[in-house]
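See structure below.
For reference, chains read A, B, C and D in written order, and residue numbers begin at 1 within each chain.
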Amino acid sequence: MLYFRNDYGNGAHPAVWEALRKTNEVLTPGYGTDRYCRQAEETIRTLCQSPQAAVHFLTGGTQVNKAAICAFLRPYEAVVSAASGHICVHEAGAVEQDGHKILTLPSAGGKLTPDMLRDAMGGPFYEYSVIPRLAYISNTTELGTVYSAQELRSLGACCRELGVYLYCDGARLGSAMDAGGSQFADYAAACDAFTIGGTKNGLLFGEALVIVNPALQPGFRNCMKQQGAMLAKGRLLGVQFQAVLEDGLYLRLASHANAQAKGLAAGLEGLGVPLLVPAESNQIFPILPDAAVEHLRESVEFEVERKVDAEHTCIRFVTAWHTAPEDVETLLTLLKEAGV
Amino acid sequence: MLYFRNDYGNGAHPAVWEALRKTNEVLTPGYGTDRYCRQAEETIRTLCQSPQAAVHFLTGGTQVNKAAICAFLRPYEAVVSAASGHICVHEAGAVEQDGHKILTLPSAGGKLTPDMLRDAMGGPFYEYSVIPRLAYISNTTELGTVYSAQELRSLGACCRELGVYLYCDGARLGSAMDAGGSQFADYAAACDAFTIGGTKNGLLFGEALVIVNPALQPGFRNCMKQQGAMLAKGRLLGVQFQAVLEDGLYLRLASHANAQAKGLAAGLEGLGVPLLVPAESNQIFPILPDAAVEHLRESVEFEVERKVDAEHTCIRFVTAWHTAPEDVETLLTLLKEAGV
Amino acid sequence: MLYFRNDYGNGAHPAVWEALRKTNEVLTPGYGTDRYCRQAEETIRTLCQSPQAAVHFLTGGTQVNKAAICAFLRPYEAVVSAASGHICVHEAGAVEQDGHKILTLPSAGGKLTPDMLRDAMGGPFYEYSVIPRLAYISNTTELGTVYSAQELRSLGACCRELGVYLYCDGARLGSAMDAGGSQFADYAAACDAFTIGGTKNGLLFGEALVIVNPALQPGFRNCMKQQGAMLAKGRLLGVQFQAVLEDGLYLRLASHANAQAKGLAAGLEGLGVPLLVPAESNQIFPILPDAAVEHLRESVEFEVERKVDAEHTCIRFVTAWHTAPEDVETLLTLLKEAGV
Amino acid sequence: MLYFRNDYGNGAHPAVWEALRKTNEVLTPGYGTDRYCRQAEETIRTLCQSPQAAVHFLTGGTQVNKAAICAFLRPYEAVVSAASGHICVHEAGAVEQDGHKILTLPSAGGKLTPDMLRDAMGGPFYEYSVIPRLAYISNTTELGTVYSAQELRSLGACCRELGVYLYCDGARLGSAMDAGGSQFADYAAACDAFTIGGTKNGLLFGEALVIVNPALQPGFRNCMKQQGAMLAKGRLLGVQFQAVLEDGLYLRLASHANAQAKGLAAGLEGLGVPLLVPAESNQIFPILPDAAVEHLRESVEFEVERKVDAEHTCIRFVTAWHTAPEDVETLLTLLKEAGV
């Protein structure tokens, strides 16, 4: 079976694996207080050009979004997100479980703009309503679209103007950086906090949370622990992040995944297959005749996004750091055979 | 430095490591829906002689306690625990964060008895009070004491009589089974739910939650996801649990740790060192003169439990599956040199 | 000043007042365990033709919605509501504060239909999403529109078919019953739970919660107390509800309010004033030129709903049991003077 | 039946009643934004000599404790309370429902001392524990004991030194002021926030929350609304508080209740009846032979506190602003007849 189901279907990149292997028998203190985490935190601060940033390592994306939002907001403060945002549709109500409403904005491509934020967060607000205080974006978005460095700057300026927080979920940050020409430092400059996703880009698991805004830093370790989000053998996270960040591997892996997606998108275009949204990163959403979708199932793993009309279905192909160019070719051949 | 700080200071046992290595490049669906998790779940059901049990894999102990208690109780229902219970003192208020009060019972050795449960959970209860609905125990306890198989049966019978749930936190279940002569099936018979701890007994990370009571099974996967407790590459948990459970390694590792602790306790007894509680499993709590404690710091890693009087301190030594017998000998020699 | 701001601007109806006065010096047990509450509960069960219903008295509308939803749902279960629902926009995130997501459906008139419920609650659902379990409606709606008895029956049948709960917020139930030809028993037949609003129809304060579904009854008093929603002198609620329900006063008051609104709507129609939604109950939403709105401010109290275009604003007039017919006449005269 | 069950068994004091009557037909804006609330807030600020204090009116004691603590603390911050505190035993887990742990301190008389606070709140604290941030006291306590003005000052100084909040639940503040010689201004000087209880001292219902610490003031109205704790006809609270506070009635009522309790306690002493704790305010806890308790039940309403030994029971007598001196005499006679 060809695997285009997602970008967390395998284990660790060999370099990550080797770093874990080399340190496997070292004895360290627990909960991320070890030297490997210290080193990886420092690496991240340097990459971000943000020497005062607080860096924390957590195991998963829902976990880090939930813990951060819970730590940052007061009870009546709310989040603003595109309706397609991961926290809105793929986290089983994790943010609400901690007491916070998410106000959703319709957005065809899954992105927010400064104008949308001004409308939603500019007020006036009343005592009988929640107060939107944090703008949630993800880069890349759930639909694979990408904010450029310039767009991040505009959102950051807008949020400062409004007196609200900008939080970027970077579960696929590498892909976004490669596709949108942004640097770690752009996120540190624009956002109050953001994450660097490891799970989908070479690690066994792991998301780094970078809290840039000093007002949001105190107490986060207590919140992590209270959320059940502090890994006992925390050094596993530090070791892995250091392995991908110390020499640029993180971006090389994302770049490879994006390149495979670009090839796939070009092939689909050649076949005249429409896409739900333009292909910008490592997720591609082709709209296919139902018969073709059924045909593909026999030899390809993928997710179904949704039915779009009586005879067509939008599916999702995801490429990853380990996707072989030949697999893209084979997939395109299969699509041709399916009569697309 | 000698390492007696805790039992999660290193990485994975070689057999666990090898199992992860062999499967590292296999592509699977995410979130624990893979064949490795299926296999490990089945292994656990078999060991538990509980074919209808639901088995879930989570990454950490606080996380699994929090998710289970939140899933099992209604808003006004409360937990009863020994005051020294992990959920009371080492989880940063994780259970309360989800809305549930913990009623604490003083217990010198950290254990609960049926009489204590009858007093605390037998009622009558009033509309202005919480209703205690779940008895939390851990085996081993935070103080290293152990419930025997018979004690588990008595607690289970008592809870059924009272109409409340019995939940056993098995972060150190292997150590408890080795020390107390209990089997997996004893837990499945006595408890409504319990955990099998991996983090402290050979795994990189991982706790298995066994939900025996069918009434508590529905919806748990949604709760896990909502809690941020569903690992994307969930197969890492299935692979690791299968590796330690398929051939009894789990118990052999725990038995080794307990044996080292027994040797250490015997040596301490020979030196006339008093213990805070009798040594029953892999945690030993000697009470030492402060000067000796300071001397030890130079060459041994350990945790301080608490000051017991002006001149003495109770510290904690923990042995693990990787503790070398020679390290125990060296530690005892150091204690002698320290003039204990 | 003419008062068309809302229907909770004054105190109690004379009959309610007199009932409170007569019982003021009686000494009773607290928290609604008194004979007045018993009597009012029985009156409600009889009116509802629902002898097994549980009846509880709370002080306010947000409080009762919040307490009921929190009591009825498991952590990952969600509410479905029209986007204009009171719980979505006027309760400061009260439902989310207790952990539950509200899924909102666009609805021009603020009403839900069986088809909307089937789409939103029919599934399939996934482990990574919340599970919609309770349909929230209010009668009348936030926009003053009304569900008829037949519509209630259809919604109830649909919810039973889907295996979800139907909850009706009856903050303005009297107005809905008068306008839509529904009886208390229609609500008991269609809904799993509903409220009978007192605050806006003659009482100083008070909402009665009728829990028809026996599965939702246990533990509600504990939830009430935990929510801070159990009034110490609970008999004040029983006394008031008995006063308006024992002889039909509740409906007569609502009928008066509706009649005034009908007169007002007819007058507005005569003036050619467009309404945001058709006038069905005691809330009227005329769209007026901004200049006319400004003119009215000098002599009328009302709320602004929203700007509708550059030169027009939708405002809200509310009539109540104490609205004098002459005030409606005067208001219409003022509107004419304002050049509407 | 003689009524010594509690101090919220009747309705409103005549002066409060008259104030409600006079304003019953006035039309005002809702939610406490009316002129009566403004006036009562100002009266309270003046009495407290605290012109910058924020004053809010809520309906009940559990509600105000819950809303305040939820608004003041971050997720991992905890409350310290005497084990007998109202929030610990009589609020059905209301504080925990909002996510906060209560750390309980044993205290025979229900009071906290600066030394107890230093021990419990002085640290050090760890990332795996909650951080105690708010000291909860009530004056009078659940056992009727009283903090003097000097004791309040000491607690206030201690809390400032520790960097924690002091919160005083004043459900029976009048009784405490009368018994302990404290003034409203003493509470404003010592506490970060405190309540003035109306329900138990002449009002139909109502607690005023005085937030002295400016850092705790922002956003409280949103929290109130989110908690379902904002009364629609909020002016009912302002009217009532103004009625008892404008001319000292509040203290006169409390003084009457205390005087009746003092007479009762003297009579009990004369009969040689032991008390659970010294009688200081309007709650008396005599320890009586079980036979006498049974005898009393025929003609007196009271609460049972608890069995103290095989043959004795501690019961509770509460006096109120409306307790007649003759009722105290009759009660003492009944006790004599019962052979006490």
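Here are a few things to note about the model shown:
Heads up, the rule we're going with is that contacts are C-beta pairs under 8 Å (C-beta built on N, C-alpha and C of every residue); 3 or more make two chains touch, one makes a residue touch a chain.
Keep in mind it's a predicted model, so treat the numbers as computed, not measured.
Here the chain-to-chain distance from subunit A to subunit D, counted in touching steps, is 1.
Comparing the centres of all chains, each the average of its CA atoms, the largest separation from subunit A belongs to D. The mean-CA centres of subunit C and subunit D are about 33 angstrom from one another, to the nearest whole unit.
Between the Cα centres of subunit B and subunit D there is a gap of 42 Å.
Separating the CA-averaged centres of subunit B and subunit C is a span of 50 Å.
For subunit C, the set of residues that touch two or more other chains comprises 75-76, 91-93, 97-99, 127-130, 222-223, 225-226, 230. Contacts from subunit C toward subunit D in the complex involve residues 3, 5-6, 8-12, 17, 20-21, 23-30, 59-67, 91-94, 97-98, 199-200, 204-205, 222-223, 225-233, 236, 301, 322. Every residue of subunit B that touches subunit D in the complex is listed here, in rising order: 75-76, 78, 89-93, 96-102, 127-130. Contact residues on subunit B toward subunit C in their complex (touch as defined above): 31, 70-71, 74-76, 98-99, 127-131, 219, 221-226, 230.
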